[in-house]
Amino acid sequence: MISYMPYPVRIDDIVVETEDGNQKTFKLVFEQEAHRKAWHHVPGQFAMLSLAGQGEIPIGIASSPTEEGHLLFTVNRAGKVTTALHQMNIGDRMGVRGPLGNGFPVNKEMNGKNIVIIAGGFAVTTLRATLISLLARRQDYGKITFIYGARTPGMLLYRDELKQWAQREDIDLHVTIDREAPGWDGLVGFVPTIAGEVAPSAENSVALICGPPIMIKFTMPPLEKIGWTDDQVYLSLENRMKCGEGVCCHCNVGPTLVCKDGPVFTRSQVKQLPIEY
Amino acid sequence: MKVFKVSSVELDAMMQEWSKVHRVYAPVLAKQPATSSDCAPGWRRVDGGSALTLSTGPTPASVKSFFFPQPETLLTYTLENNHPDKGLMREPAKSKKMQVVVGVRPCDARSVLLNNLPYQEDPFFQANRQRTALVGFTCEQTLSTCFCSQMGGSPFGSEGLDLAFSRTQDGFIVEVGTAKGEVLMAGLDLAPAEESEISALASRRSTGGKADATELDTLKGSELGRLYDAPMWKSLGESCINCGACTFICPTCYCFDIQDEVVRGQGRRIRYWDSCMFPLYSLHTSGHNPRGQKVQRTRNRFLHKLKYFPDRFGPFSCVGCGRCVQDCPVNIDIREVMSDLLAVE
Amino acid sequence: MPTINETVSEEIRAQARKLLEDGTVAAVIGYGSGSLPMTVKPLVVRSPEDCRKLIWNTFCVLNLANYLPATLKSVEPPRGPRDPKPEGPLPKVAICATGCWSRSIVVQIQEHQVARDRVVVLGVGSRGMVSRRKVEALFGGREILAVEEGDHDLIIQGADFSETINRWDVVRDNCQTCTHPDPVLVDVRIGEPVSERKNPNPFIQVDALEQKSGDGRWAWFTEEFATCIRCYACRNACPLCYCPTCFVDDAKPQWVGKSLDAVDTGLFHILRAYHCAGRCTDCGTCETVCPKGINMRMLTKKLNKDVLNLYGIEAGMQPDAPLPLTTYAMDDPQQFMANEPGSGKEGK
Amino acid sequence: MTEQSTNWEPKIIAFLCNWCSYAGADLAGVSRFQYPSNIRIVRVPCSGRVSENMIMSALKSGADGILVSGCHPGDCHYISGNYFARRRFALLSNLLDFIGIEPGRVNFSWVSASEGEQFAEVVQSVTEKVKALGPASRLVKKIDALETALQVA
């Protein structure tokens, strides 16, 4: 049986991620030990954040399963629930229902492969979770390339971690911003351009791409040019959701339910669907 | 299966008996006056004295609301300041009291089985199913808008019914279909039906059967893209006004929305009927709407019933009750939509 | 001899074909035949060949003005949100309109939803449209399989009966009390004009309810709206309801709850009606399309009565005048004020 | 309404325009004019800003009475806001009466910035009216009632 009851959690920490203040990362800890033990997720899954009196919203899980004891969610202030969430304080009670969806195949198709992670803007959250997971079992994967772009340096998420990853030899990290900015000495240029330049050969590789539709659209041609096929590319869709359990029908794209069959699909799966996402 | 003989008088007495121990409901034929709110619109509580009257064709309101109440409280909580449980969700106690819905038609009984497919794992739907007994009446007459046999049902079908009454020359025969049906029949002193009556019903079933369902079944094999891109949707979407009348009167439309309601510090999370006909149904917070156009929403409803649902679960999500055909404000007729779809090259 | 509506149908088809053939309009909004007795399908015709599908009969109950803004948009050349407006005049659309529908078009023009110079009104004088619900009520549970329409009678046929009934008896309430059955905008006249009706009292149903006590009216209100299923057919069928986001869909703040709670349902109907104040032409579409037969028209009719009594305005009758709630007079009545009379400040 | 407890005090939501009635309320306070403490003031820029949605929302949320007050006709800070409001309120007031909301639940008044005493009088009279009517029940949303109805036994 599915349950609509969220696990009660407390906000343990709040980090303002971006310079405009619209992105905050919430660190949540379970109120009850049994719930903490019951929780198992894979990177790429999402959960319903539940605020009593406001409602529920589906948000990608930004923490890796290897970061035990707490959950991280990076939330953009946009609608009714997220606005209320942004006004909450450390110590406040809320709820988490999940984990929901399928997630990236970190222990399946991705095993033993070279991994290319391409992220644009706020969509980096579940890819952060993925990268941390991969690093925890670094020896199981080949080369790891992480490409991440944002509009300005101030709009990059997880800046401290980006610095740490940059130091590591075993990650090929490329962080880019759209236009030259004062104080920025890193890459400048759109994600598709950078991806075309630094992506490894398609052989024995898997790519995970999350970002605005326009970025995904322009990232594919340079990859295809060097031999990538649609089966190697994993995307994460999003649609309005209510139950997250495949019952309420809100997130359907043709016969597919994003919440249950997804949110992670290969690009060839996505191509079979009507454009209703 | 046990089959008994029941006269009209005995039927009334049976309802009386049931209403002493259970909640018994019957359809309202005319516009319903405001009654107690413990009952869905279109149904009334039977508490002795009132005889059952049925019209030809489906009941005015479907049985959907007994299984999928509008609204259903999923969770409750308090938001009172300084309350130790502030914001802590609680599940409301689910009622176990048996409710008996009398006067159900075979189409609606089948709709419960269809809705059960997506709701297999839903605790609320299943709890309601557990405690609801359906007492149905097969249709000796149908309306011109009825098309249950095209959808794989039958006017004489007993599928999904706990007790199925069928008219005979001098009353009814009743088939006891389930354990819940047994419970309702327990303690009643009824004569078994005669062999001739049982075989008469069987022969009606075999002649008025599911023969014409085969043609429509070819839709299930059709390639999605072909149906999706059919030119027919444009004119259909143009005349549709995107109200939710069809979805809300439909026994097999089962979408819901979830929302929090707070009144003076007391809150509840409810689910209530939603319709894919509404723009809000698919609207993203960013403002992007994957089905922002009327035609996309109209198409989604029909393809969900005739393609997406069968792809997932097998049968069509339509029982052919014809309510939408009768009540659509702009006369969008699903039978015409189906024949147009079959003609799509 | 053809009936009046057969002649009208013929004229609509001929005029629609002519307008489409000579390129005056890009589309014609009318009615096609329905799949059940006493039903019709709203139809947008875009080619002269399809004009044969157009019909006119006594069951044309949905206000076609509802389709006008969207159809006008659909005939414009496609362009992106940032593309400049195309040069030259945009294509026109023809629409069949009776008295109340043409008044709705006037309101749409007043509210800048529709450009007058892009609309060709095929004006049809209304002889009153029949309520399917009233006919069905006359026949109890017996199914009606065919209805034949004469000028003054309807022949109702079922599996085992055939009866002739008087047409006017089953005409919708709003048509029976209508005072302006002839269109106020006419570009192409269809059929004969229908003269203004001198009804003794167009607000007879409202008056009757007003006679009841406050408790009686509240009882009426709660009973009438108890069967509402919140399908919003009344809203969506209304040519005046074109807001991109309806107040019921607002989330921040949420004015009205969305489930079947009597208070929320009541608020929806009060506010919906109120939003039509001074704009409603009593076309009766809301009541007609309601799958539960709720008489929400009573609320708009009450508002129409007040607007007429207080401000002397009937919606859609004066294309050049402002709408009643977008204007004011210095000496508007204000007896409803708490400190009136007594404060003595108003007259200054 | 005999059963109501004698210490029941109504809650009245007052939408006061910033330029006249709110200032009038202020003056009433400064000038020590006594008026009942039943009102909860919502300051709005103009009586024309008060929409039917706000009034109905307040009723739904359990307000026993509503008072909307703005500048006297001719004195609107925005020239004509209160004239438009007057038409809308006239229609709303009639419509609410029509569906059986007790007259006196929803009240409208004009109070200028210099009318502290009049403000106190208006609040006094509105409070008395609402007290006479008793607690609001019509169009007041109740969750508990619904809950019991649905949680059948």
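Order as written gives the chain letters A, B, C and D; numbering starts at 1 within each chain.
Definition applied: a contact is a pair of C-beta atoms (placed from the backbone, for glycine too) under 8 Å apart; a residue touches a chain by one contact, two chains touch by 3 or more.
Just so you know, these numbers come straight off a predicted model, no measurement behind them.
Path length between chain A and chain D in the touching-chain graph (shortest route): 2.
Set against one another, B-C and A-C show the most C-beta pairs in contact at B-C. Chain B and chain C have CA centres that are 32 Å apart.
Computed from the mean C-alpha positions, the centre of chain A lies at a distance of 50 Å from the centre of chain C.
Chain geometry summary: the mean Cα position of chain C and that of chain D are 34 Å apart. Chain D has its Cα centroid 45 Å from the Cα centroid of chain B. Multi-chain contact residues of chain C (touching two or more other chains): 257, 261. Counting partners per residue, chain A has 79 as the residues that reach two or more other chains. Of all residues in chain B, those touching 2 or more other chains are 37, 71, 257, 259, 261, 267, listed in ascending order. If touching chains are joined by edges, the resulting network of the protein chains shown has some other shape, matching none of path, cycle, star or complete graph.
All chain pairs in contact, by the document's touch criterion: A-B, A-C, B-C, B-D, C-D. Per the touch definition, chain D reaches chain C in the complex via residues 52-53, 56-57, 60, 67, 72-74, 80, 83-84, 86-103, 107-112, 118, 121-122, 125-126, 138-142, 146.
Residues of chain A that touch chain B in their complex: 1-6, 8, 50-56, 78-79, 82, 92-95, 238-240, 242-243, 245-250, 252-255, 272, 274-277. Against chain B, in their complex, chain C makes its touches with residues 34-36, 39-44, 62, 66-67, 70-71, 74, 141, 143, 145, 222-223, 226-233, 235-237, 249, 257-262, 288-289, 291-293.
Taken in their complex, chain C has these residues touching chain D: 206, 209-210, 214-221, 247, 253, 255, 257, 261, 263-264, 266-267, 270-271, 273-274, 277-278, 299, 302-303, 306-307, 310-311, 324-326, 328-330, 332-334, 336-340, 343, 345-346, 348. On the chain B side of its complex with chain C, the touching residues are 29, 31-34, 37, 41-42, 55-57, 70-71, 143-145, 235, 238-239, 241-245, 247-249, 257, 259, 261, 270, 272-273, 275, 278, 280, 294, 325-327, 329-333, 335-336.
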